[in-house]
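Some notes on the structure that comes next.
Each chain carries a letter (A, B, C and D) given by its place in the written order, and its residues are counted from 1.
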Amino acid sequence: MNLISELDPAVNQAATSKPTTLYWCSEETRTLSLDERSALLMQYQSVRQQTERIVQPLSPEDLQLQSMPDASPGKWHLAHTSWFFETFILQPHCPAYDGFHPEFHHLFNSYYNALGTPFSRPQRGLLSRPSLDQVFAYRQHVDSEIARWLIEEEVDGDLANLLVLGLNHEQQHQELVLTDIKHALSINPIFPAYKQESDESHTERDSLAGLSWLSVPEDTYTLGGDGKAFAFDNEGPPHQRYQPAFRIASRLVTNGEYLAFMKAGGYQQPRLWLSDGWAHVNQSERRAPLYWREVEGTWYEFTLSGLQPLDLDAPVCHVNFYEADAFATWAGFRLPTEFEWEIAAWLHCQPDAAERGNMLEAGHFHPQPELDNFDAQTSAEGQGAQLLGNVWQWTSSAYQPYPGFKASADAVGEYNGKFMCNQMVLRGGSCVTPRSHIRISYRNFFYPHQVWQFTGIRLAGDDL
Amino acid sequence: MNLISELDPAVNQAATSKPTTLYWCSEETRTLSLDERSALLMQYQSVRQQTERIVQPLSPEDLQLQSMPDASPGKWHLAHTSWFFETFILQPHCPAYDGFHPEFHHLFNSYYNALGTPFSRPQRGLLSRPSLDQVFAYRQHVDSEIARWLIEEEVDGDLANLLVLGLNHEQQHQELVLTDIKHALSINPIFPAYKQESDESHTERDSLAGLSWLSVPEDTYTLGGDGKAFAFDNEGPPHQRYQPAFRIASRLVTNGEYLAFMKAGGYQQPRLWLSDGWAHVNQSERRAPLYWREVEGTWYEFTLSGLQPLDLDAPVCHVNFYEADAFATWAGFRLPTEFEWEIAAWLHCQPDAAERGNMLEAGHFHPQPELDNFDAQTSAEGQGAQLLGNVWQWTSSAYQPYPGFKASADAVGEYNGKFMCNQMVLRGGSCVTPRSHIRISYRNFFYPHQVWQFTGIRLAGDDL
Amino acid sequence: MNLISELDPAVNQAATSKPTTLYWCSEETRTLSLDERSALLMQYQSVRQQTERIVQPLSPEDLQLQSMPDASPGKWHLAHTSWFFETFILQPHCPAYDGFHPEFHHLFNSYYNALGTPFSRPQRGLLSRPSLDQVFAYRQHVDSEIARWLIEEEVDGDLANLLVLGLNHEQQHQELVLTDIKHALSINPIFPAYKQESDESHTERDSLAGLSWLSVPEDTYTLGGDGKAFAFDNEGPPHQRYQPAFRIASRLVTNGEYLAFMKAGGYQQPRLWLSDGWAHVNQSERRAPLYWREVEGTWYEFTLSGLQPLDLDAPVCHVNFYEADAFATWAGFRLPTEFEWEIAAWLHCQPDAAERGNMLEAGHFHPQPELDNFDAQTSAEGQGAQLLGNVWQWTSSAYQPYPGFKASADAVGEYNGKFMCNQMVLRGGSCVTPRSHIRISYRNFFYPHQVWQFTGIRLAGDDL
Amino acid sequence: MNLISELDPAVNQAATSKPTTLYWCSEETRTLSLDERSALLMQYQSVRQQTERIVQPLSPEDLQLQSMPDASPGKWHLAHTSWFFETFILQPHCPAYDGFHPEFHHLFNSYYNALGTPFSRPQRGLLSRPSLDQVFAYRQHVDSEIARWLIEEEVDGDLANLLVLGLNHEQQHQELVLTDIKHALSINPIFPAYKQESDESHTERDSLAGLSWLSVPEDTYTLGGDGKAFAFDNEGPPHQRYQPAFRIASRLVTNGEYLAFMKAGGYQQPRLWLSDGWAHVNQSERRAPLYWREVEGTWYEFTLSGLQPLDLDAPVCHVNFYEADAFATWAGFRLPTEFEWEIAAWLHCQPDAAERGNMLEAGHFHPQPELDNFDAQTSAEGQGAQLLGNVWQWTSSAYQPYPGFKASADAVGEYNGKFMCNQMVLRGGSCVTPRSHIRISYRNFFYPHQVWQFTGIRLAGDDL
């Protein structure tokens, strides 16, 4: 069953339409017209401006923070995303390009070993110079040069696609700016907010949507994209995969459900845990999701709006893979494989999931509950809720190449392939993922102990 | 394609016949006859005696050594394997059983958290008491009780299979006794030998067998065993798997080929390595397989017969997954998935692979070269060499459950399932694996950085 | 021999006169006059303003940096010094005092365990909030309240002395602001400067002053201060000490002399090193003073004016105790005890050492060479050079209490006494120590491996 | 006041007479007579045999154990002490000497860097080969050669003294054999005993001796030995030291007194602790002396006779310097300096302290209470009890060289001097120190956190 081509039109729309779809040229050698280049420039400017809007509430001191090696300072994200365009577009393809600063090539390389030894990652928070002003000037310099290049020079499909890769890369860092600053602010005992919560919260609301099961029949499915829109190399190539029948939950696991697991002694029972998970629980002394705080018997959660009472109906987030797996075992179910998740999403995603989902543009910056809303189409029979947005959903699949996958030979080839070991696949995007960035075929990946991303749980089971 | 049932009879024989096949009763509730119980006792005694033969060349001091947390002292292996029979057979099923020592339950539990907190693993080498004599007495006590139980009492199929699980468990520890003492002796600058090398080595011999490719066609194969012989739970359940066409190397990668990789700067080129592998290489400063030693420009290898000149034709061993993957990338190929390895083995394994393979009973305790032996059937057209024995072969597959896998609910259920995260699958057995222990469907697993097992490389590629 | 009372008047002046001597009231219960309180307020404002002048060249991002647990961000120093006055003066002694922010008590406590668990020291660099502006507002708030209190209320000698303790405390942090930002900037591969070097350097100059020896006779000396001026509790109580004859070098060890040690293989010869020093050298892979950088065969030094060519005549600095001790052993001498240093300083210090020494107010922020200046009094016969300023001089004395020392019972009692273990005494102040802060009796102390302070070497020997 | 020469004859005897005094020749170039050499050989054989008696209750497996890097296996001690005689006597001074094994020079070097890189200390427990039998053969070989040399060849005073240094060195390792095996056995949950406790314990006995204070007047004392008997280089040279008046406790602190400190919250009050001590308590989670175990509300102590009920009257032992210091602070006193301890011992030591003290030859291997024994001379007026034996007594003095100390230039010069940093001095010997090994001037030294030696507490205070 070829999921994309044989898709029911309504579902197809759900899966592929987005507020803004980023450009993709399937003919690599075709030269773009000026109109196409203008449209591409508008997309470029739109993404770049979104990054700057995201950091607007943050001070130079906030943007200097690096609270752990996994995270980077906001200022570094601002510079590194510019470095990407400079390094992969301007320097190799614009002979007249004049670099902004000779040391930036070294300072803002992330992990491209083929480009020389990157600056030590855990020390990114120690670069007070260049200042934030200088980094904004660097962005401005790169933006001007990209604009000039797009308007004045010949650009073929291959290069246009490389620029769009850069935009997708920048969108990934938009999400990281928010997850990284959340971690950094959480260290501060005065619980600072990235933004104040809107007043509308905590009003009376409908009750939590019930959990039902979506069934998927056994078949040999074709996964891996069709090459007609932008996708990362790790989402392909297209390939067949035999899939036994299974079922998957209609919505995400909530804070209330996770709290029940905790109260039932979930963190004390070794039999619920993978061996490495049990070792991690004991060594890290974790006993709750990352940002939960118990104050005099009441649970709170640190959010980008500061410390808030725990919303029992909202999806649990900031759990690691071990916790997700142990919860599923305790509940009598299991996590879906990444293939099950993807097939279910192609088949059951709501038509307007991307537009209406709780993603970056919704402005919540926090998972929202799925409510029992009778007049809404969100709870339509047979449709899955919360598939896109809210939280990245841990799957039971190790992050490995699809059959036939080959990393490209240039430096951009270090983008995805070299991480295909020791990490687990997550699907679906989160409340801080840009809408035009997510896809049903999107494969995110983190180490099983990592927890500072908005990561949550959807249950699955073998078909009965 | 159901590999076991549709197998060519000759291959079938290769895959399943073994010098001694351990007992298996497919009717769980049937009561065994006295003849069956006698035969089972003979197998029990044979496996138990093999363990004691293996430790015979080692002193009480040797058997006390623990050179790293991953390894255990030989004395501990001797006791722990007895503990298994005591804990899972004698205590629950023989009401009259009188324990040997009240603290042994705690001291010799390995990782069964459901049975209480095990004694700290990295400190096993600190148990000078009980002495080796007492541990042999403990073995004798358990053996007598098992013999009495098998002869005098009613035993059903389920219990018989549990005893056979204990024998397989003991065979795994037979291999570990040898890999662990090899590691411990390697620390000693006087390079002690476990046993002296036989004189026959280093005589003139045939040249190395050339490397050819075995092709396997696309199909949906059935993997996962048929339940008619002993297998670990992780080898099942039976399930279908779609497999694109691929090819796999006819023999293992040799020391000479690996040395060429080293001389070509393999350890200095980040582009050949997985990200975690590159980090591991740099942090561990590894620049060669574990036991290689360069002395005044000549390479030697520490073996269980002491320090020996490196045999360029022998299979490379004691490489970790990262090294295996980097070598394959450098060579322009890749590692096989565990499914590719298994399908290829069902189709191309030599009929007498298990009897003739370089395994524990061969007494080499070290990988042997595959020579160009024209009158031998080992090099028969279309047959794979070195599939069983010599070295465990790293596959590119993360160790994960097969579809429908469920760990059993009792303590023995901790045997395999809880390790299904962060480890990679290895196939084929090694030169220190007992012959009656290996199977084509056998799934071994280690962390990608681990290297003290006899681990090597077989190349694969997409079909051209 | 009572060094202070029997001092030659000229030397006495050298030791005690300073550009500004901080206030000290030897009658603890006497009420201060308004004139005295006004004078004290002027001192307070002068010290507080000096701190702000020091951070003036630094951006909010610079002042956010914490490059290691031993160091703190400049912003933290600005806040913590204010916290000291708030905690020990305003809160206990001004009933009307209104705190600035309820969490600052916790955030800006350094190590006073008696006041509650301090905020985790290695995470001080993660406090982006309060912002630098807020911290300046905090300083302003405390300053206003102190001014009001000093002018309007009754203040006795005891409280006045406590305020002066706070000023000495702030002066210690003035030095730390500079040593900490030097370390942080040194991580940045663009070698940022705290301030540009003045143009006068690198002009032609006199040659390096020769090294001569100052002899001190055997005697029983009285050390430990006379209580007539401010001193930290660890500088007392007065006590007698028998001292054999010894000699001490007339000037500090230079970069050129240290380079000779390096070239002679000093870092490769275990016999020159203390056991812990040799272990530290091998583990840390140190092979030169902290900020030395060899670029294409030429040595440079990172300074607060950026990367500069190494000045061979300047005193070596940023060496740890192990290096100082190994250098002395290699040179055939030893380090002085702290008692020898102090006795020699009382007897041989130049009269104008404090006014003319290379200290914070000199504006060099880097050690300066002692030149052969014939018409200057600096090289007068029998006088020691560079005793005050330039670099803290490692002594061979472990930091331990003087006979009869007792820490005071309140929280300020944690100031010095609890550190009297595992650290070594340093004497003399450095090029970033304020002039009115140093005294001949001043005992600084650091762990033997620490190196980010301006620390150097003066040789000593037994008398011949 | 020259303590040795001006000593009251009775006290002098106490301080210097011992059951066997090891040989010392004060004329370095004099040739020894055959009688002298025979006497020396008897001493040599006596010390060497004592080592072998000490290990007699231990199995080859026991003697293989190394439970932490600070400790060494008993087998290693047996070999290393022989290595000392081979390396410093036989090889340089007996041209005909034939080494026992070429690798032993490397394997059994402890820390003499001048003799080449020693075998990695934390891996000494991994040398199963040579076997214990071979190590005993090595001892026998060295003993025969030493005997032959002493009887047949010319030996001058200098060499004789070097041999006696080797005997003192062996006695230090006799103590370490017992402290190291105690630590190793303590890891084993079956609490094995080195030897069974004698039956006489736990009979009715006198009550604990009361604690009184011994006063010592102010004076300038001469310390540092007179060179007329063996002493380590660090005990000299003789030098004067001014000492204010002080007082010191007549006996050691008991388990009961230490338990009172624990019950009063001693481990919870930061103000009682040195800063490094408080950090160590919190990081190590220590809350009692090393070998105390609380079982259902009752305190036990692991001893060389296995787990025993805590004897409240026995001296507390296995406390580190931080605990000793915190206890003294809590009790309102302080620890003595090493000079105070030594002066008090010269003045107040019981005449028969060495013969009657609880030392190795007493066979207790554990501290014993000081009882109120009216007819005994142990409690004579003005005499200190438990000065020699029972436990090493922490002093407040950092281990530093005496004025004029110089380490000798050869490899034996690494014996003491290079450790004079970061360690604290302990005095008095312990219940596992040989009687002929201890002296009043003896300076032992350990890091302040170390605790596996028999280390205890004697209080001191300033004179009132």
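We take it that a residue touches a chain if its C-beta (ideal position, glycine included) is under 8 Å from a C-beta of that chain, and two chains touch if they have at least 3 such contacts.
Just so it is clear, the structure is predicted and the values come from calculations on it, not from any experiment.
When chain centres are defined as mean Cα coordinates, A lies farthest from chain D.
Computed from the mean C-alpha positions, the centre of chain A lies at a distance of 63 Å from the centre of chain D.
Centroids of chain A and chain B (each the mean of its C-alpha atoms) stand 40 Å apart. Distance between chain centres (mean CA atoms), chain A to chain C: 50 Å. Across the assembly, chain A contributes no residue that touches 2 or more other chains. If touching chains are joined by edges, the resulting network of the protein chains shown is one closed cycle, each chain touching exactly two neighbours.
The touching residues of chain C, counted against chain A in their complex, run 59-62, 64-65, 67, 75, 103, 106-107, 119, 123, 125-132, 184-185, 187-190, 192. Here chain B touches chain A in the complex through residues 111, 113-114, 220, 239-242, 244, 270-271, 273-278, 321-322, 325, 396-398, 400-401, 403-404, 414, 418-422, 448, 462, going by the rule given at the top.
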